[in-house]
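Each of the next two complexes has chain A plus one more chain, namely chain B in the first and chain C in the second.
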Partner chain A sequence: MDSDDDFNSSQMSDEDIMGDQDSDVSVEDGLPPAQSMDQDDVGFESQDKDIMPSKHAFDVDFTVYSPQQIQAYQDKQIEDVSSILGQPPEATAILLRHLRWNKERLIDQYMEKTEDILESAGLGETAQTHPPRLEKVAGFVCDICCEDDANQDTFAMKCEHRFCVDCYKQYLSTKIKDEGEAARIRCPGDGCNRVVDSKSLDLLVGEDIKDRYQVLLTRTYVDDKENLRWCPAPNCIYALQCGVKDKDLLQIVPTVHCECGHDFCFGCSLNDHQPAPCALVKKWLKKCEDDSETANWISANTKECPKCNSTIEKNGGCNHMTCRKCRNEFCWMCMGVWSEHGTSWYNCNRFEEKSGTEARDAQAKSRQSLERYLHYYNRYANHEQSAKLDKDIYLKTEKKMTALQTTTGMSWIEVQFLDAASQALQQCRQTLKWTYAFAYYLARNNATEIFEDNQKDLEMAVENLSEMFEKPIDQLQGLKVEMLDKTAYCTKRRIILLDDTAENLKSGNWEFNVSLS
Partner chain B sequence: MFASKRLGKELSKLQQNLPPGITLVEAENFSEWTMDIRVVDENPLYAGEIYRLKFSFSTSYPIEPPEVVFTQDDAHPIPWHPHIYSNGIICLDLLDRQGWSPVHNVESICISLQSMLTSNTKKERPPGDEDFVRYNKQRPRDISFVFHDNQV
Partner chain C sequence: MSLPKRIIKETERLMADPVPGISAVPHEDNLRYFDVTIEGPSQSPYEKGIFQLELFLPDDYPMTPPKIRFLTKIYHPNIDRLGRICLDVLKSNWSPALQIRTILLSIQALLGAPNPDDPLANDVAQDWKKDEKGAIETARQWTQQYAK
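Right after this comes the complex of A and B.
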């Protein structure tokens, strides 16, 4: 989708390290310095810029792999280990999967107690060399279908549990197609732990099932490895590798960028949620799910009893309220004690009275936390909504630009600035959205002021750019330079904000009003 | 077709001879059979009682396990057992996809259930029986049991 977000560019190196569990990819080093827009920046105050390292604090190293690459890599590992162990590749594959692709452990264990590991992996005694084949056996009765035709083909693995080929086929395709099983399909024999190897499988099933089998194996491989993760975008086929471990997630927000264009968090697979760490995101989403609508309604429609703080909805009647819970009588308008109302019943005009003021103060306090939440939530939701609207406007504009190309003779390349602007807007709004969730949990300290300034600057830059999208179509052409500038500025502000938050997160400078763990 | 061929052969065998304590009650079609079992030794928990089992076969039987439950009527109670819920659902790894082998058949399941009862000494229902019976809407084959107890 976008080639323009250079700061997220991935390093596509094919000589890979993906199998090496031990190669602890540090989050510090790695990506080549991003050629960001620093150079053509529209001269704003030099905040951090001059001392900024060439790599951004929020960048993490990652690599994108296609399923073919993953399979090729598995095959290569199998081949390597196969020659070390002296086992055929199909048996080695089963052994590797059994130990979740930990080569070193496999080789150690294999050397130490060969029998045990073969047994627990589902291979039985040392593999003999003759390849699996179909046989016709005289006097054979299949235990599954009870067929006793002497002419039927039969199959058995080395465990010698023999069944007719039809039943074996049916069994395997049920396992693979219906149950999604691949790495640990066992012999159909009762209580037999022998795992069906790929060579036997090849002999028995058709191409479509073989393909499905490979897909499932690759899926298991990725799921087994802590440093690999599928891109969660719908229909995306890629997997990404990143060295960030679960325990690092309090110090870093590992946003990765898939070939398909999807930005997501390697830690939790959710959409890019920088600058908020995964733990906060989880809390925030939970809170929003539970609270937002309810809280809105409560705020708009209820007050609390000044005595017992029960939440009360006034759904009709006069201002003389009697709390059902504590029987306190008070005035709905001024929240003061009803008995002090004297003769001016049902017509409250005594705003300045003491008891009323106190009650309102107490109420204000309890409302404050709700208001605080709503403050952040509304801005969070607003950016989410605006990002959608920006996209709508862009889609409309895109159509008009196509028309404009034909009428004014602008080339396709000349209208691409709109695309870039739209991408930048989306990305910045995504970031802004999460700054509000982040801010909700942030306890005030020295670092928060800079954060809020950055947030404000980015917000202004975004709103300015967003506004330009609403201009009539015939003016857009003349606004090209300005729009390019504003796009670059937005991107720049976003980088500054994320750099600052990531830096502080890494060095533990943020204080949160909740526990992250 | 797969299932019916095999079930046909099983049926003709069941009609010829059966182990003690197991009787074929009804097998009119190849989707549902009824069997009765009783415990042959002297276990006082089950003495004098006959239990009725309902077998339901899918078209992929015997690749997939059949669904087997105890059914209750005036003459047939649900046996007491820490792995048998009071609605007749049985928690046995043999009947689960993971523990099932296509080599098993109706007869071998009946024998397994007999021996499951024979060796039991506890007049108990599984933990959480009441809630399970009240709230469970799933068919037995869709429930993922955790087979934590291999003793009984």
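Right after this comes the complex of A and C.
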């Protein structure tokens, strides 16, 4: 593995992100990115101020762009190349799109074989005779509608396939609105490969179609570029740019943070799944789907108290359960006695491989492999579920706090620690969840022990914080300092875990019991 | 809804100046719906066969292509069991300047030149590639049996 510094900022900044030579351009043009990179947490300064300045091993550089910025970049590139080639902008745009915005290749090919590239891009011969215009032609009959009114306006591109304006308009609007085409709309003439340019389009269609056309072009632009990706959040308008390539995905998990607040993986567009690499995530999700029948019963929401057997429903995110009937305190995940889960001995995150005699039997073996899977799946699903429950409790708490605010005169800012805690919990549970998928595929070596310790520590920190949400509302204000501490601690543990996993992933220290490629 | 001039003109021409080996007759109660017959081209396994097709002109015709399907059973790598046809001019290469007449000619040409590399009926295309002689024989038999 020799891709040591592939993802570091030194390299990214001089690389041509949006296709421009120098990255200063955006600033000169008054087009600063919508958001700069490294924004770990969405919005709350209390979260991890002390750790923010340094860059973590699991961070990647990225920039968020609005559709307007992307369009402006395209326009700028078109303008630049237009002046180099001596082609009008509308033709240059078609050429650039034809070569997927590879400016250098376009200029090379244009210099070498001008006619060929114009032909294959759908521009035909060069001739920049006159701007597109509508004409009335005596004796004209439109091949599409068969109208022969001598007064009707007609249009043709340089290929001279002439149709009446109404048909041309309807053709373009069908292509753009119904078929979602934009970058390569061909002349309506049979067998003609000439591509309709934006200037001709402007002459023929109304504003709504023009807008749609621009949206589609920008979409194609983002799709064409390996380093740009739309934010997958519903209704989000932003695109993110990141230099991590497909081939890098075995060494890095590129989580990016959109302006809208959504964290997702630049490699596969799924929700943030650090520390598990994309390939493992794909395998895991597939497995969960295949095994969901078997796994469902075990991840059910009710369990029996190990002491008195009365049914207990989990109603908060915390794993520390207290039986209402017998007051037995136990751990939801392993059903073990809670007192044994103290700070020094927290043995709930690791599945102890059973050894020996049983395993020789083939049946026992398959049962053990299912058990092993269920062990990890159960914890994975538990954190997913707990994250939801944590959120529910938080929302209820917030409501009560708002009520309290009005009666006690507490200020809005004074209750923000709850919000910060809730956000940290969500983020940490998301990470914990994926550590179990990661662990399922991890083959034991000398790096795994530290990982399991980190996982254990984070889990402890999370459960401790989660537990505080279950405290009665009138006690919460008094717990503010403690809660802030625990929030910061959770965040810190998460960073430690992710730093460790990311560094080992980058240097190839993990061994997996499946092939990642 | 009155029939667009374009469809009227096309229909008139199809009746007055028919293409040899092809007929297309609109239904009296629905002038966008045509009964079509195509004669199998000579020197093809479909020779002497008379194939029935249905053709329908959708509302946005000619911006979108006509819908066409074989009603007669046919053994051909680009036509599936439901009679649907894999032909570029009926899909991505459709142009509003094309007409019913030209499309039917393209279909007739497809009978003369099957293209197993761009298949719709996958099993037929596989037979065709594995054993062309046998496939042609099957096509001939089907033609004799069904395309009367």
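Here, the second predicted complex is superposed on the first by the 394 of 517 C-alpha atoms of A that agree within 3 Å, B and C clash if a C-alpha of one lies under 4 Å from a C-alpha of the other, contacts with A are read in each partner's own complex, and residues count from 1 in each chain.
In the analysis below, contacts are C-beta pairs under 8 Å (C-beta built on N, C-alpha and C of every residue); 3 or more make two chains touch, one makes a residue touch a chain.
These figures come from a predicted structure and were not determined experimentally.
Asker: With both structures lined up on chain A, is it a clash or a fit for chain B and chain C?
Answerer: clash
Asker: Check the residue A:S83 against both partner chains and state whether it touches chain B (first), chain C (second), both, or neither.
Answerer: The answer is neither, since A:S83 touches no partner chain.
Asker: In the overlaid three-chain picture, which partner chain does A:S269 touch, first (chain B) or second (chain C), both, or neither?
Answerer: Neither partner.
Asker: After lining up the shared chain so the two structures overlap, which partner does A:Y171 touch, if you call chain B first and chain C second: first, second, both or neither?
Answerer: The answer is both, since A:Y171 touches chain B and chain C.
Asker: On chain A, what residues does chain B touch that chain C touches as well?
Answerer: Shared contact residues on chain A: 143-147, 161, 163, 167, 170-171, 174, 188-192.
Asker: Sort out for me which residues of chain A touch chain C in the complex.
Answerer: Residues 143-147, 161, 163, 167, 170-171, 174, 188-192.
Asker: Any idea which chain B residues touch chain A in the complex?
Answerer: Residues 2, 5-6, 9-10, 60, 62-64, 97, 101-104 of chain B touch chain A in their complex.
Asker: Given the complex with chain B, which residues does chain A contribute to the contact?
Answerer: On the chain A side, the touching residues are 143-147, 161, 163, 167, 170-171, 174, 178-179, 188-192.
Asker: Can you name the residues of chain C that touch chain A in the complex?
Answerer: So the residues of chain C touching chain A come out as 4-6, 9, 60, 62-64, 93, 95-98, 102.
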